[in-house]
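The same subunit A turns up in both complexes below, where it pairs with subunit B and then with subunit C.
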Partner chain A sequence: MLKLISPVPVFCSAAIFAAALPAFANQYTIFVGNLAFIYIILTLGLNLLLGYTGLLAFVNAALFGIGAYATAIARTKFGIPYGFALPLGGLAALAVGVVVALPALRLTGLYLALASISFAQFAVWVFAHWDPVTGGPTGIRMAAVAYGFSGSWETVHYYVSLAICIASVVVTSNILRSRVGRSFVAIRESEVAAEGLAIDLTRTKTTAYGLSALYAGIAGGLFAPILTLVVPESYDLFQVIVQFAMVVVGGLGSIAGAIFGAVGLIGVQEALRATKELQEIAFGGMILLTVLFLPSGLAGLLRKYLPEWREPLRRRGDDR
Partner chain B sequence: MTDAPAKLEIRGLGVRFGGLVALDDVTLSIGRAEIRGVIGPNGAGKTTLLNAVTGVSRPTSGDILLDGRTISGLKSSEIAARGMRRTFQTSQLFRGMTVLENVMTGLHANMRTSIFDAAFSSARVRREEREAAEKAWAALEFVGMTRFADRDGGELSFGQQRIIEIARALVSEPQVILLDEPAVGLSLNRVIELEDLLRKIRAERGVTVIMIEHVIRVVMNVCDRVTVMASGRKIAEGTADEVTSDRNVIEAYLGSGFDADGQKS
Partner chain C sequence: MLPFLLTSGLTTGALYAMVAIGLVLVYRSTGHINFSHGELFMLGGFFAYSLIMFAGLPYVVALFLAVILSFLLGVISDRLVYRPLIKAPGLTMVLATVGFSYLLKGIGRYFWGGKGEYLSIPAIVDPAPIFINDIPILPQQLIVLGAAVAFMVAFALFFSRTKAGKIMQATSENPTASYLVGIRVENVYTWTWGVGAAVAGAAAVLMTPLTLITPDIGATLLIKAFAATILGGLGSMTGAVVGGFAVGLIEQLASGYIDTSLQEIAAFLVIMVVLVFRPAGLFGVYGQRRA
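Now for the complex of A and B:
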């Protein structure tokens, strides 16, 4: 019986539930569900940097924005169909992510955190001021995606996001089960020891940055149409904090944690939608409480009460 | 051993940190399947020597040759890829990975899986993973640690971690391994096991071992030759018996406060 409470059956049940949801949910629930899938993709991507590779980089909010802008620009300015514009958004973020990674390779810890937050702020400034391309502060208006199915496009988009979200979970898990995942964790634990095992730091870190950027960019491409408007403030410092809070509250270095963090915090965000100030306080407060009382996040509870729960490359035993 | 070509050749190696001379004109020649002990008082430059050889710190002068090819100036990961592995004074087993995965990480450079293969977990990747797991298991068997294969790397005692680190170093079948104080902090029984393991490594694997060690009984029992360092220089070299009766060495290192087992009394 206990075997049923292990990652694959639990994850499959959750996916089936998510797939059945539109049958009995209203438009708003579908919107929130879609948002949750997008944030799961984002959190998985950020977790690869923060949780697995141990790089305190906060570039993903900006890369999320670049994915959204690139998708919107491809559609509205070049008339590229969404099916191609979405992967283009991912690739644009990947390209920028790798370029940004090059100077970041030499930085670790707080210096990396500061430099990457500066980049995030710079990106928002570009979104807001590069009027001919980004539309400046008013942003880019994006028409609904014509999927060519009957029924509302939002529901179809929900399924597209769900499919990509499931693919992200599977791909992340596959990567963590390979030598690539092990090289990420080796670098997190000790760069000197990793190099001593013939792991190339530059190459491995660039891979981690690039992969994380691709997740962020695709999430951005999925996010662009659901608000119908791509504007700079969607990708500002608050976005950095939201994603960081999801990774920390869910638990660093855990796939299940990333899912819990994203779904849970989207719930909190929606509950407090009326007041953005309260959202900011709630997210800050949750980061603080988690760091103080539950350093390994919700995934830590899972580990404590369900020791049979196995995930690739997840820390067992006591917290530090 | 003298007529065979040297596996590892260190010529006039110097390392300076600013004005501090950490290593001064050190020359060593170590043969294939030799266990070379490196001893000396604290601050003698032993770990600096290991760091320079493995590319962790850059030599400021001299040359290092592995099989007659220079490796000085290469990145640490490149030197490792040429068949050199090390362990650390403070254990560096990775947490968040099982012991088996830790040892599999030692095979990183022997595996081909790219990020694309990994993402889709192709049949080839799964086969490579299975083979790596088998090799890692065999390495754990070699050091007698298979019972910990499924434990988290961070959960074990330092003594256990250090032995598993040796398995992680050996799994890729390196030509040279460098051990930084493998016996420190081990109980006597564990020290005896370590000595057996070192002999087995020499006999069955043909690996060249360079070992910094403070526990003199290990040096006396397993090292073919011993290099003694003090203040960044080599002050003596020979068999364990030769160096321990060398007047310079006794003065510099064993001079006072050591009993016959090399333990501080």
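Now for the complex of A and C:
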């Protein structure tokens, strides 16, 4: 018998609700919904790295930026239509992600964290200083996407983001059921044991970095047009914190958690949009409180109160 | 130009060395990097700013009070973040301290941000430069340099000569054995976090008259201190000092002779080059790292 309270039916109803939303929502709700889809993609990507493979890297905000910049540059400088510029953004982030991963493969734990946080800072510096390409501190301004449908382009963009978001959820859950996904988790649990099972550490970790970068790049490509402006500040260390908070509050190593975390925290960010300091306090505080009191995040609560809820490959020992 | 670059390189280097000492102190005894260390520096500077500008206290008194407040902040970090997670894996601890750093940054911005964003406190001495062999030197630079060296010497003596210092060293060497000989290891950790924060606070108060202090300074400074510790070898106190001065000098020389914009990313380049070619740094042993 099909259980109603289990990931697939709940996810399908959420997707139907999201698809119906523009019919009775205003422009602002559509904007926030669009943002939520983008952050779900980002959080899924970061979760592959942080939650499933156990690699502590701060690079995803920078890769998100690279995806956004690559899409914007492809459109404004080369006149490439958005349908091609978006995947180009994803590929650019993938390429940079893999190149950055190569030296990072030698590093573990704290060394990886230190190297990647400085890479994040460096990327923002490049965005702000490489004037001929990135437009420097003023960034790149671009026209709205001409989708060729009637109605506002924001609504069409909303559906594009929704479709890609649904695709990422499905792809992620399939990857996690595959040999590759199981290898990620094996590495998280023990690198030595994983090697003992003939898992190629270098290749598997590079795959994790690459996939995560691809998600971040595509999210960047979707994010670039909704503000019609790409500026360095959007991709600084605060962006890292926002993404970390989504992964941690939602629950490390959980797809449902990534969705709850992204949607919930986009709500918090919008509520506090006017004041940077309150956003910092809220996001920093939420990470700290979740780590201290709810280490498995919202997904952990879900598993505790809905024993029917099954998700593969969650972190063991997280549920207290 | 060279003497000018050298003096300013040594001064900023002394600052980086002091921040790096705090990082290494906590790392050596607990095996964790405190990602909120830069924010402890930032708040130390703001405490001094408020004490001088609003309470009207003299600089030296404000220095001591700000150091004490920073110490208390370090103790709070220990109780709030470190102790509850003492048995948690390294990844959890990094996430917790990163979250804590933004909490502190937000608090800093809430109370001290928006006042022109950049705050400074007047120097204790005549701000006009003095000339030694035609090299302009700011008196405050000499004070920073002197005070930083004094702090470092005091630290070295503290670790090698005092009982408290030896207890700290013993704890970092082997916590279990320290328990067995009757050392209260948790209390040692509390002191370590406090002292680490106090050094950062002292560095901030010394530096603020020269540079400026903003709510965002923490992250920048943390990266420079990382560069110093990684160059020196993560976990080595001598390495942190040498690395701090080296990063300060590299930054100034690179900005003076190659391109000014390099000043901002010199630290990043140092981290990358060291991690790729010599992960152990100058004074560390990579195999013995505690990650």
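One rule holds for everything that comes next: the second predicted complex is superposed on the first by the 312 of 320 C-alpha atoms of A that agree within 3 Å, B and C clash if a C-alpha of one lies under 4 Å from a C-alpha of the other, contacts with A are read in each partner's own complex, and residues count from 1 in each chain.
What we mean here is this: contacts are C-beta pairs under 8 Å (C-beta built on N, C-alpha and C of every residue); 3 or more make two chains touch, one makes a residue touch a chain.
Since the model is a prediction, treat every value here as computed from it, not as a measurement.
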item	value
First (subunit B), second (subunit C), both or neither touched by A:A95	neither
Larger contact residue set on subunit A - subunit B or subunit C	C
Subunit B versus subunit C as contact partner of A:G196, first or second or both or neither	first
Which superposed partner A:G253 touches (first subunit B, second subunit C, both, neither)	first
First, second, both or neither for A:V268, with subunit B first and subunit C second	neither
Contacts of A:I80 with subunit B and subunit C, given as first, second, both or neither	neither
Contacts of A:V291 with subunit B and subunit C, given as first, second, both or neither	second
Footprint of subunit C on subunit A - complex, ascending	50, 54, 56, 103, 106-111, 113-115, 117-119, 121-122, 125, 129, 237-238, 241, 244-245, 248, 276-288, 291-292, 295
Subunit B partner contacts - residues on subunit A that touch it in the complex	171, 174-175, 177-183, 185-186, 188-190, 192-201, 207, 211, 253, 313-317
Of all residues in subunit C, those that touch subunit A in their complex	32-33, 35, 80-81, 84-85, 88, 90-92, 94-96, 98-107, 109-110, 113, 215, 219-220, 223, 226-227, 230, 234, 261, 264-265, 267-268, 271-272, 275-276, 279, 289, 291
Of all residues in subunit B, those that touch subunit A in their complex	54-56, 75-78, 80-81, 85-86, 88, 92, 94-97, 101, 104-109, 111, 113-115, 117-121, 125, 129, 132, 151-152, 154-155, 168, 172
